[in-house]
C-alpha cells in the first residue's frame, strides 16, 4: 500500500515546483530591459523543454540510477527504463516512485533556469540551450547525486552535509554557474553607463509571488511526506522571506532613503533561498533570524561587490542564489535542531559541536569548486561550437528580441528602450 | 497518528491562501492609476512581510493562545513558543497543529492587505505599515479569537454566530477599517472631477482569477479536513461568484447599457465575499441565490452610496468586502442547513426560528462597533506619530511611485497618467 | 469511509482545472490585438459565470444523471438535486461525489472557453454567451455522457474508445465548434492584409504557464485517485509538452530561421492537447514521441491549411485543440499500454490488434459529426435571435473593447492598435 | 517643402497608410496622441460611476512633401478618413526649411 | 495661425487641460514625451545601485490658435503650470500655414 | 530659432543623447514614433504565417537651437547615427518664432 495523502502531497508539490519556472520567466522578464524581454523569458521557457526532455532521457538515471557511486548515478534508467513496470506492479512505500521522477524533473528545470538571470541581454540563444543541456547532465545530475544520492554519496553521506531542499544542489550550483558565465561573456555594452532598470514592476511582483507560492512545494515537498516537518518547512518558508523582505527594505531605507518594491521582491527571494537548505531543520525563530541576516549580505553583494569586482550579473543570479545559498548552508550548520537532522550531527548552537558546521562548509566548498571547474569547461566547449558565446554588437543594441527571435514583447505599446 | 490526507489538504490550502495576497496586489494594482501602481502593490506585498513576522512574534498567541477569555488569546505562544516541541513529539489529530499556524498566518496577511484598497493614492507608506502592524495585533487577533476562539469566545461561542471562513473576521473587519481610514484620510485631490479609471484591465483579471483560485483554499480549507463538507464549500465557492458575476453584468447592462470586464471581476469578488461566512453551511442552490443577491447590493453601495456619503474608498475595499461580508453574514442566518451548523441553531428558512439570524446580526454589530472604534483610535495614534496620514499634495500629483519609492511601474512605456 | 488522500487530490485538481480558464483568458488576451483585449478575455471570464451557473442548474444532470442512455444523462439532478443529502449522509467511496460535481463543472467551463479563441475580434458578445449556454447543454453535456457516461454510453462503452482526460470531450469538441463558428462568422475584415500579431507576449507566456500548471490537475485528476497512474499521467503531462515545445521550435527554425517564444508556447499547448486523451494510458517514451509528432502537424494546420482553406480561426482554437485532439486520440490507439487500458483493448503497437485504433477513430468521427451538426444548428439559431452573429464594421474597426464594453485594456498606455 | 500633420481616428490608421502608399508616398512618421476637439469625449462607467473622458486616442501622421504635392495629399487624406461624424480630425500644414537623409547626407527636396 | 507647443510636467496635465477649456480652447493634441533640460535627471536605485535618469517624462501640448490668441494662451500656460522649480518646461511657437477640418473640408482659421 | 527634428533608429538613442550632451546641447525632447520610409518593413512570423510590418519603431528627437547652431547639430546627428543601411532616418529643420522658459517667463533665444 502507498499513502494516498503523501502521494497527493508529492503530486501537488511537483506541480508547484513546475510553476516556479514560468514564475521565474516573469520575474526575470520584468527585470530585463524591454527590448530583451522575449529573449529573457524564452531562456527559462525553452529550458522547461530542453531539461524536461533530457531529464527523462538521461538526467534521472545519472542522478539517481546506478548502485551507489559517491559521484554519479548510472545508466540503468535511461529513458526512464523500468518506470512503467513500477507503475503496473506497485510496491509499498509512502508514494509511488514515479511521482518522485516528476518531482526531481521540476527541480532540474528550475535550477537550470535560474542560471539565465546572469546572461540577460547578450548570449546567443543556441549557446544558452546547448550549455543548459550539457550542464544538466554533467553538473546538476552528478551534484544531485553527491548530495541526495543516499548511502555512499560524497557530500550527503560521506561528509554528512545537510541540504534540505537544495542550497548546494539548486542555488549555489546555479548561482555560481551564472557567475562563471558572466565572466566568460563579459559585460553588456554600456554596462555602468546606461540606465538599466527593470521595465515592468508588476511582472516582477507577479513572478516573485508565484515563485514564493511554488517554493512552498519546493521546500515542504522535500520532506517527502505530509507530516509535521512538512508543516515546519512550510512555516519557515513563510517566515524567512517575510523577514528578509522587511530587512531588505530597512537596508534600502537606510542606504538610499527609499524602500522600493523591486527591493522588497529581491529581499523576499533571498529569504527563500536562505531557508531552502534549512527549511525542515530549523525552528521558526531561526528562520526569522536567517531572513534578517541574509538580506543585507546579498544587498552588499549585489550593490557593492558586483561593482567592485566588475562582473555583469545582469539579473543577479549569483547575487541572490549563489550568495544566499552559501549563507543558508552555513547557517544550517549553526541552527539545525539535532532531533530534526538527517544524521547524528546537530547545529553548533544546540550541540556546541562544530562538526555539522564544518561539514556544511566542506559541502559548499566542494560544490563551488566542482561547479566552477565544470562550468568553465562547458562554457569553453560551447564557445568553440558556436564561435563565441556572445551576440553581435548590433544585435545587442537593437535588442535580442527582434534580432534573434523576430518578436517584440509588446509590439502595440510605445516607449523608449 | 495524523491523517496525511487532511494534512496535505491543509498544507495546500495554506499555500493557496498565501497566494491571495500577491493576487490582491495585482488586482488592486490594475485598478489603481498608473502613477500609483507601485505604491498600491507595495502596500499588499509589504504587508506579507510585516504581518508574516508579527504573526509569528505575537499574533498567533494573541488570537489562539491563552486559556479561554471571551475577547483575546494569551501571551503563552509568543514567538511560537512550544511549536517546535509539538513537531518533535507529534500528538494525534487530523493534522499537526503547526500547519494551522501557517494557515492562520495567511488569513491574517490577506485580511490586513484588503484594507489597503481604501487607501490607494494618498497615504504615507510608513503610516500604512505601522497602522497594519498595530491593527493586526489589536483588531485582527482579538476578533479572530472572539469568533473562532472556541469554547467561551464572545461571538463564536457565547452569541453563537456562525462564520465559516471569515465574514466577520476577514471581510467586515477589513472593509470597515478601510472605510474608517477613508474618512480619516479624506478624498484624493480631484476625486469626482478627474477621470479615475483602472489602468490595466488584464492585471485585474489575473488578480481576480488568482484570488478566486486561492479562495477555494480559503473557504474549503476552513472545514479543516478533506471531507464532503470541504467539497460543498468548494462547490459553493464556485457557484456564488459565478452567479454574482452574471448578476453584476445584468445590473450594468440595465443601468449603463454595457457589461464591463472590470464589472464582471468586481461582481465575482462580491460573490466570493458573500459566500465566505456561509461556504460550508448552505446548499448549492442557496449559494446561487446569495450570489445573485449580493451583486446589486454592492453595486448600489459602490456607485450610489459612496457618492452620496462622499467618502473616497478608492478601490472599494468597503464596497466589496464590508458590504458583501455583512450581506453574507445575514444570509447565513437565513440559509444555514441545520445539520451543517456548528451549533444547535439553523437558518430561519429551515427552522422557522430566528435565533441564528439574530445571532448573526449581533455578531456583525459587535464586529462593526469594535472595528470602528479601534480603527479610529489606531488611526489617530498613527496620525500623531507620522504628523498626518497623508502625503503632500505635490507627491499626490506626481504620483506616489516616483515620489515615495523612486520607482515607476512601467518606466519603458509611454502614456498619460 | 472515504479516502482523505484522494479526496484532497480531487479537491486540489478541481481548483487547478478552474485556474485554466483565467489562464486561457490571459493566453488568448495576449494573442489578440490590443483593441480587442478586453473582449477576448471577457469571453472566457463570462463563460465561467454562464457555464458555472448552468452546470449547476442542468449540465451535471444532463451529463451524468439519468439511468444509462447511450446519448445523454437525465433530469433527475437538476439544480444538483440530491447533492446535499449525499453530503449529510456520506457513503463509502474514494471521495465524496460532490467533489466530482465541482471537478466536472470546471471541465465544462474550460471546454466552452476554448471555443472563443476562434471568435476573437468580431462576434457579438450576447451571441457568444447565448451560444455558449446552449452549446453546453446540447453538445458538451451529451458528449461527456457518450464518452464518460459509463456502462452503456455510446462512445466510451459501446464503441470502447478511450479518452483519459478529454481528447474527444474537451479538445475536439471545442476546436471543431470553433471551426464551425469561424465559417459562420466569416473572416475578420482585413484578414490576410493587416498585420495581426499578438500584442502582449508576457501575457501569453503567463497564460501558457498557468494552463500547463492547471493541466496537471486536469490530466492526473482524471485518474480520480492519488496513485501511481496519477503519477504517470502527471509525468506524461510534463514530457509531451516539453517535447512538443522543442519540436515546434525546431520546425520554426527550419521553416523561418528563427524560433519564437509565441511559437514555443503554442507548441507546448499542442503537446498538452495531444497527451490529454492518453495521459494515463501510455508510457513516458510514448509521451515523448507524441509530443514530437503533434507539433509539426499543428504547425502545418495553422500555417498552411488555414490559409489554403481560408477560414479565420483567429487564435487557432481549431488548429491547436481540434487537430491536436484528433492526433492524440489516434495515437492513443497506437500507444495504449494494455494493462492500463480501461477495457480489454490495448494499443496496436503492443497487441498487433487494430481494434482499439479503430474504436478511437470511430469515437473521433462520431464526435466530429455530432459537433459539426449541432454547432451549425445552434449557430444558426443564435444568428436568428441576434440578427447576425457579427458586430458592425465600425465596431470591428474601432475595436470591440471600446465599442461593446466601453473599456480599454490599458487606457494609460500609448501605442498603435 | 511642407510638413503635413494629420490627426485622425485610430480606426483609420491602416486605410490611410495604404492610401498613401498607393499615392506613392512612402515616407511618413506615425504616433499615437490624445486629442480634444469638438468631439467632447465619451462616457465610460467604472463600477457604476460615470467617468468622463475628454481626451480621446488619436493617430498623428507627419508627412513631409514637396510644395506641389500638398494639395493632392491633403485631399487624399480628407477623403480617405472622413466619416462625417464629429471627431474626424484636423490637418495642419507648415513650412519645412530643410530635410536631410541621414544615410546619404543628401539635403533638400531630393532627400524626401 | 500659430502652433503653440508646450512641454510641461505630467502632474500639470489635468490643470492645464481644465484651464484651456475654461479659456475657450477646446482643440488640442496631447502626447507623452521624454525630455532633457536644465533639470538634469534624477537618481533612482535598483538593488542598491544608482541609476541616473537623464530623460524625464513630460507632456507635450500642441494647440493651434489664431495669431491673436497666441500671447494670451502662452501667458495662460505659463501661469498655470509654473512651479518655479527647474523642469517647468518650455513653450515653442511656430507658424502654421493652413488648417483643414477633415469632417467638413473647411480650411484656414475657421477650421480651428 | 530653428527646430531640428531627427527621426533615428531606436538603437542610436543613447549614443545620440550622449553626443548632444557633449556638444553642449542639454535641451531636447524625445519620443517614440513609428516610421515608414525606404526601409520597407520587415517580416516576422506568427505561428508560421508571415506578418509584414511596414511601420517600424523609430525615435524622434526635437531640439530647438539658435540659427547659428543648426548646421553643426545637423552634422553631429548625421555622423553619430549613420550606419549607411536603409532606415537611418531623416532630419527636418523648420522655423520657430518664439520660445518661452516657463519657469522664468524668459522669451526668445535666451530661453533655449
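Lettered A, B, C, D, E and F in written order, each chain numbered from 1.
In the analysis below, contacts are C-beta pairs under 8 Å (C-beta built on N, C-alpha and C of every residue); 3 or more make two chains touch, one makes a residue touch a chain.
If you're wondering where the values come from, they're calculated on a predicted model, not measured in any experiment.
**Q** I'd like to know which pair from C-F, C-D or A-E copies the B-E interface, where a copy means over half of the contact pairs are the same by residue number.
**A** When the residue numbers line up for over half the pairs, the pair is C-D.
**Q** Count the C-beta pairs in contact for C-D and for D-F, then report the pair with the higher count.
**A** More C-beta contacts join the chains of D-F.
**Q** State, to the nearest whole Å, the distance from the C-alpha centre of chain A to the C-alpha centre of chain C.
**A** Chain A and chain C have C-alpha centres separated by 33 Å.
**Q** Centroid from C-alpha atoms only, then distance chain B to chain D, rounded to Å. What do you get?
**A** Inter-chain centre distance comes to 49 Å.
**Q** Roughly how many whole angstrom separate the Cα centroids of chain A and chain F?
**A** For chain A versus chain F, the centre distance works out to 44 Å.
**Q** Tell me, which residues of chain C touch at least two other chains?
**A** Each of 3-6, 8, 12, 197-198, 200, 206, 256, 258, 260, 262, 406-407, 410, 413-416 in chain C touches at least two other chains.
**Q** If you look at chain D, which of its residues touch at least two other chains?
**A** 30-34, 44-45, 54-55, 94-95
**Q** What's the contact topology between the chains, one of line, ring, star, complete, other?
**A** other
**Q** Give the pairs of chains that touch; include all such pairs.
**A** The set of touching chain pairs is A-B, A-C, A-E, A-F, B-C, B-D, B-E, C-D, C-F, D-E, D-F, E-F.
**Q** Chain B touches which residues of chain D in the complex?
**A** Going by the criterion above, the answer is residues 34, 44-49, 51-55.
**Q** Which positions of chain B touch chain E when the two form their complex?
**A** Against chain E, chain B makes touches at 35, 190, 194, 394, 397-399, 406-407, 414-416.
**Q** Which residues of chain A touch chain C in their complex?
**A** Interface residues on the chain A side: 2-8, 11-12, 14-15, 18-19, 21-23, 25-26, 29-30, 37-38, 41-42, 45-46, 48-53, 56, 79-80, 83-84, 86-88, 90, 95-96, 98-99, 101-102, 105-106, 125, 200, 203, 206, 404-415.
**Q** What does chain B use to touch chain D in their complex?
**A** Listed in rising order, the residues are 195-198, 251-252, 255-256, 258, 260, 262-263, 266, 299, 302-304, 306-307, 316, 319, 416.
**Q** For a test of understanding, state which residues of chain E touch chain F in their complex under the given definition.
**A** 2, 6-8, 31-38, 40, 54-55, 58, 60, 74, 77-78, 81-95
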